[in-house]
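In the two complexes below, chain A is the common chain; its partner is chain B in one and chain C in the other.
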Partner chain A sequence: MSRLLAAIIMMCMLTGCGTEQRILEDLGMIQTASYDLEENNKLRVTINMPVSATDSTIKKMLLTAVTDSSKEARLLFSNQTELTVVSGQVRNTLFGLDLAKAGIHRHVDTLLRDTSMSLGVKVTIINGKAGELLSKNYKQHSETGQYINRMLEKRGSGNGIMPSSLYQFTRDYHDDGIDPIAPIVKDTGEDAEMDGIALFQDDRYMMKIPAKKALIFTLFKRNLKQGEIIIHLENKKNPKDIVMLSNIMSKRKVKVHHLANNRFKVDISASIRGSVLEYTGNKDLVKKEQRHKIEEEISQYISSQGEQMIKDMQKNKVDSLGIGQYVRNSLSYAEWKSLNWRNVYPQVEVNCHAKVLIKNYGKYS
Partner chain B sequence: MNENEKLSPFHIAVLVFMSQMGIVVFTLPNSLAVYFGTNGWLFLLICFVVSTINIYFISLVFRLGKGRSVFEILERSIPKAVLYPVYIGLASVWILFGSMIGKKYVLLFQMMAFPTTNPMVIKLAIDILVYLLLIKGIYNISKAATFFFWITLWMYPLMFMFLPHFHWIRLTPFIFKEGHDMVKGGVDIYASFLGYELFILLFPYMDQKKKPMLAIYSGNAFVTFIYIWYSLTCFGLFSLKQLKKLLFPLLDLQALLRFPFVERLENLLFGFYLFLVLITVVMYLLAAQEAVRRITPIAKSHFFVFITIAVGYGISYIPKSIDQVNDWIMKLGYTVTGIGFGIPIIAILVLLIQGKGGQSHV
Partner chain C sequence: MKQTPDVTLNFQHIFHQFEHCVDLVHRTFPEIHTDILYFPNLISKIAFSSMILEPFANIQLQEVDELFKQSQFVEVFHSKEAVVGVLEGKAAIFNQGKVFLIDIYGPKDRNIEQSGTETVITGPHDSFGESVSTNLSLIRRRLKSSHLKVIEYSVGEVTKSKIYILYIDGLANMNFVKELEHRIKIIEIDAVNEGGVLAQLIEDKPNSIFPQYLRTERPDSAVSKLVDGRIIMLVENSPTAISAPSSFFEFFSSPDDYYQRWTLGTALRLLRFLALLITITFTALYVSVTTYHYEMIPESLLMTLVESRNRVPFPPVYEALLMETMIELLREAGARLPTKIAQTIGIVGGIVIGQAAVQAGLTSNVLIIAVASSAIASFVIPSYVMSASLRLMRFGLIIMAGIWGNLGLIMGVALIIIHISGLTSLGAPYLIPVAPMKGTDWKDIFIRAPFSQLKNRPYQTKSPNQVRQKIRK
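For the complex of A and B:
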């Protein structure tokens, strides 16, 4: 037994004596890769790699290549640097808007084939040229690749824009009842900014939900554990009334009704609980009836915004909320297969029902 | 070590589980999606029923033969001239099957961690472990298997970490749609349950009074549970077409695991699967050894074990790519499944004839 144990331990250690020694200082570990569409359908790939050699004054290395495929670009990169370029530490991939409009699945597919690449690598759309944004130095912020990555990752911002990964993107791309989404980021000069949520039809970018409304979109897409939103109440007397709903927790439910002639009616309800931290109107939050009135106004606002959003999505034939999944699951297999969901979807009557409960209103009345 | 020591039911159950569980778990959810389509994981229940019936046959042999070795039972009624070539055949199939399973693990490991290392070097290291285990005999193998079982047990609950991403809606209400070649796929997937059938050779090591058959049933039930646990998670996390594309969904899942202190754990976790593969390989070689032992006592010697492993090592040089190894495993899997059902059925028939006072060749 002891001989066996010794052999096992030795075997584990032997893995360190591999023929291909990978010395950290000699590795160029890609952290962020960006892809842009060039003329003649060429691909411009830009990568950034943090440099870990202690004797080096450079903190990061930026390489660019214009090629036909992303893997070909990696070969070109190794000709441009003394480091061995590896992709095991990629955290984020940025796709320029032009490329996103043309479709990104071909490139995502290449990424997935790479055994050193994890499904957790992020997919981010850049409103503009991805390579330009990645090459930029934002004075106030850490290194750009890391800056974008951390900005996407931070929890607690509650804006409803969640990072999308290769896992989520390909999962929804391959599913027949939902379309993928990804966060979209833009350059504002001094900073980079979350611009909203990019909605895809299959793998092609079709439209954007602006950052302001991203949370409402998310309320109707899935359950939410944290969020924050400013609502401009549609008040005739005082149109500038705003209310800020914080610490939002919500649950979403979808119900499908079958109408005659292969038509469907879908009810999406979101039951939302949150605290009011700012209110500029003239109602009294302490008084139950008036508070209910505010709850109703917020509910109405969210519902109508949601419905408007879905109308836009239907116009663009993007089912980003995954209504198709619910319709599919309410049908028999033959019925679903005979249905061309892409064409049926715009005609579906979708109603949004938000129900808001103000669970508290801070520590000051 | 006391030669008369019997395997305890718990050790048998663990050994059954460890023999069944192996490299196949990495591809299983993908195979289920490809061959059976929507809700393919349900096929595992069918496999469970079939394997349980097979184990029932084995337990009939155990009961009717009163715990005698299956070789003894056969040799009483069938001439040795007929049986010996069969033993050689069985041993060859088992050696090949074991070696190919080892080779597949090595090729996957190479793909993930050592793309340019010669796979046969890794295979050699594994075969040394196999040798060290085999020469120790069944009792120590069962103890090692139990030890390996405990040090790998923590990996299964890791799947809980994916629960927040699991959605029943992705499973769809459709059953076995968008699959193809279900018969071929079914036999192919059934091979992932193989391993229990070897225990018909281990009757002499089992204590008749302690319900050893129940232990085999339990081992098989536990492996079914783990397979369903893994596959169901994959079906609820990935969309069907995505799952069809992911050749090693479990590796992808493990790559998604993130702890605050470490991420990209898949290489480490894959290393732990070596323990499962090791026992599977050892059990097949042990079965081969048991079969040859009926012909010549040399089979018990270390030299024979060495030759067996060397032959297996030599043959595993032939298939070079993962596809070729899969092809070998598939064809051998058909044979091993046939053997798994064949031996108990023949043994039952022989026992029934013997029971009716049929002539025996003694």
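For the complex of A and C:
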């Protein structure tokens, strides 16, 4: 009995641990937050919250504030609405391109400090003003914040543009030998569109991989379980030959070779298996030799595109593929520390090797 | 041994004891100077006419002594014995200063019927009734062994109810039998009318919310408990058999698990443990999530929940308590009313109140789903006593979830686990085979392994003969 009493007393003391009541319908739950750079280094924060009206239609509430920091903005939002503005349901954060160029780590870091924020919240770059895009109503689509979020989330499209989470972004930011990436979305008037992959140097936006080439980038960045790509074969006879590879599964391997004078040579190989859904050329896919020929052509195309991409990255000093990690793993800690990777990276000789295997080529041909 | 006759052992004295008992019948056979006392409502008419009327009517005076030497006439030497005998449905025969008792007990009984509380789909459908002799026969006819021992006790200062302790010699641990006998002996109470009363009188911790003895109405289930090495108690005029010692997990198994193939039996077992989880935590989880942890709600469910909560004027905890109370009212009303009206209650309660409460904005429809599914889940649990305990516990958890959110919910569940780990049933651990850990018993607790795997009796019974079977595969 006394033990039961002690337990009850202890539980009553624990009420101090409880947070204040946050009853569902009294909350304004931010769904998407967007950040833009304003003049004088000010921050324009725009949030959208789905709100249920009493006549049971879902509306959205859009609030904007120009402040010095993102949390200050939340205080301002609280003054603008009868709901308690909370951030535990944030799904996506949009950063305008200007802000991305200036560096976003300060803001990402603020988000991470909030314990109610999930590590899975997405980081997305908007090609343009993020707040404007979020305020827009796309007639053909569902509510904008949700529309962007779902567009990024669907994995079926296989265009190689993967959403980037707060966790992935900060991990890559803090890790040695890799730079973070994030998807870019832009407004095209009637719709929003996945524009490509934003590559960062530390937390500053440096360059973009266009959506068309995003899959090739991804092939050399990680293993792929699904993807689709259209390849324009550079054929002398018929320059418009198109191959569409789908159901791509690929495995990536990185090999680091040490050369003299602290120089490195890196081989990135991707072995790709896919099925051909469309082929407009005049080769016969059924015949083994001709099929291998096409495989060869696709491989060359992917390799050369990859190498071109890496050259661009080296020019901008962004190591988004994480080559530095492989180099680091092949060195001792002291060696790596003495190496200024940011400066060494542009001189690294990177070779891409793609090996394509056509699994199947449709029912008739 | 020749006993000295009791001076009060005469017709006048005994007849006087039954003064103002209009249901007592006194018959006289003047030719043979014999008086008979009996309660006609306790005896069998057929036995009375064949064993008393016919022989007494056709007898000469000088043959009477010979007649009473027959074994069915038991001579008694104390008036108290005679009184008790009459009360037990025997006829007391007074002849020339001697008193004999003859057992012609046979009142009207309910037929053997289907069990109302423990039904199975396949398997025997008979269940215990109020007549303890029928109940004993239901067990004896299933268990043809001279090792099945039956001990009789009488409990209740006024009611003098008979209690039978059944166990299988060589399978049951005699320490449990002795402990049980001891506990029954020290009971001093005016009346024991039901097995449920007896179970409470011999419980280890009467203040616990959990039932510590399994009760069953099914003879097949009672027999399987006996064979497990457990002890069965039967109470006169009660259809409830009590099995001891019992473990918490036993309450979640049904004879159906064994009558169906083991894969299905296993699935049913797991389903019941899922039901246990749902019934105690589901509504509480709704309360804690909508009051504190909005972060936990998936995006697609969020607006549905907000919308359904939007018109409700109460905080979730009051809303949940209101609906849970409503469900309990419905259940209780359904249990107390005659079957035909109970159906109406179901319709009125389930459809009218459920639908109207949402439309009136008193509750959210998501809560209705939560409350209804936890109510249904509670009925999945085969033991009514256990399911009632769990339903009661739910209220505590809802309140804790309303005050402390998930923290309170977890603390509530932790408190329950702490409590049941300390419980014992007839001195044996209640949470066995989880605490203390006994891995080999798990295959007959969380799953129902094929019979070839169930080689030993449950560890809890501490049976002297552990081996259940020797199937060679």
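By definition in this document, the second predicted complex is superposed on the first by the 341 of 365 C-alpha atoms of A that agree within 3 Å, B and C clash if a C-alpha of one lies under 4 Å from a C-alpha of the other, contacts with A are read in each partner's own complex, and residues count from 1 in each chain.
Here is the rule we use: a contact is a pair of C-beta atoms (placed from the backbone, for glycine too) under 8 Å apart; a residue touches a chain by one contact, two chains touch by 3 or more.
As the structure is a computational prediction, the values presented were derived from the model and not from experiment.
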Partner chain in contact with A:Tyr167 - chain B first, chain C second, else both or neither: first
Contacts of A:Leu119 with chain B and chain C, given as first, second, both or neither: first
First (chain B), second (chain C), both or neither touched by A:Val86: second
Touched partner set for A:Asp191, first chain B, second chain C, both or neither: neither
Partner chain(s) touched by A:Met29 [first = chain B, second = chain C, both, neither]: second
First (chain B), second (chain C), both or neither touched by A:Arg328: first
Touching partner for A:Asp284 - first (chain B), second (chain C), both, neither: neither
Which of chain B and chain C A:Asp175 touches, first, second, both or neither: first
Intersection of the chain A residues that touch chain B with those that touch chain C: 7, 11, 14-15, 18-19, 88, 118
Residues of chain A touching chain B in the complex: 1, 3-4, 7-8, 11-12, 14-15, 18-20, 88, 112, 115, 118-120, 167, 170-176, 322, 325-326, 328-329, 333, 336
List of chain C residues in touch with chain A within their complex: 290-292, 294-295, 297, 299, 302-303, 305-307, 309-312, 315-316, 400, 403-405, 407-408, 411, 415
List of chain A residues in touch with chain C within their complex: 7, 11, 14-15, 17-19, 21-25, 27, 29, 31, 50, 52, 54, 56, 58, 86, 88-89, 91, 116, 118, 146
Contact footprint of chain A on chain B as seen in their complex: 38, 111-117, 125-126, 128-129, 132-133, 136, 140, 143-144, 169-170, 172-174, 177, 237-242, 245, 252, 255-256, 258, 263-264, 266, 271
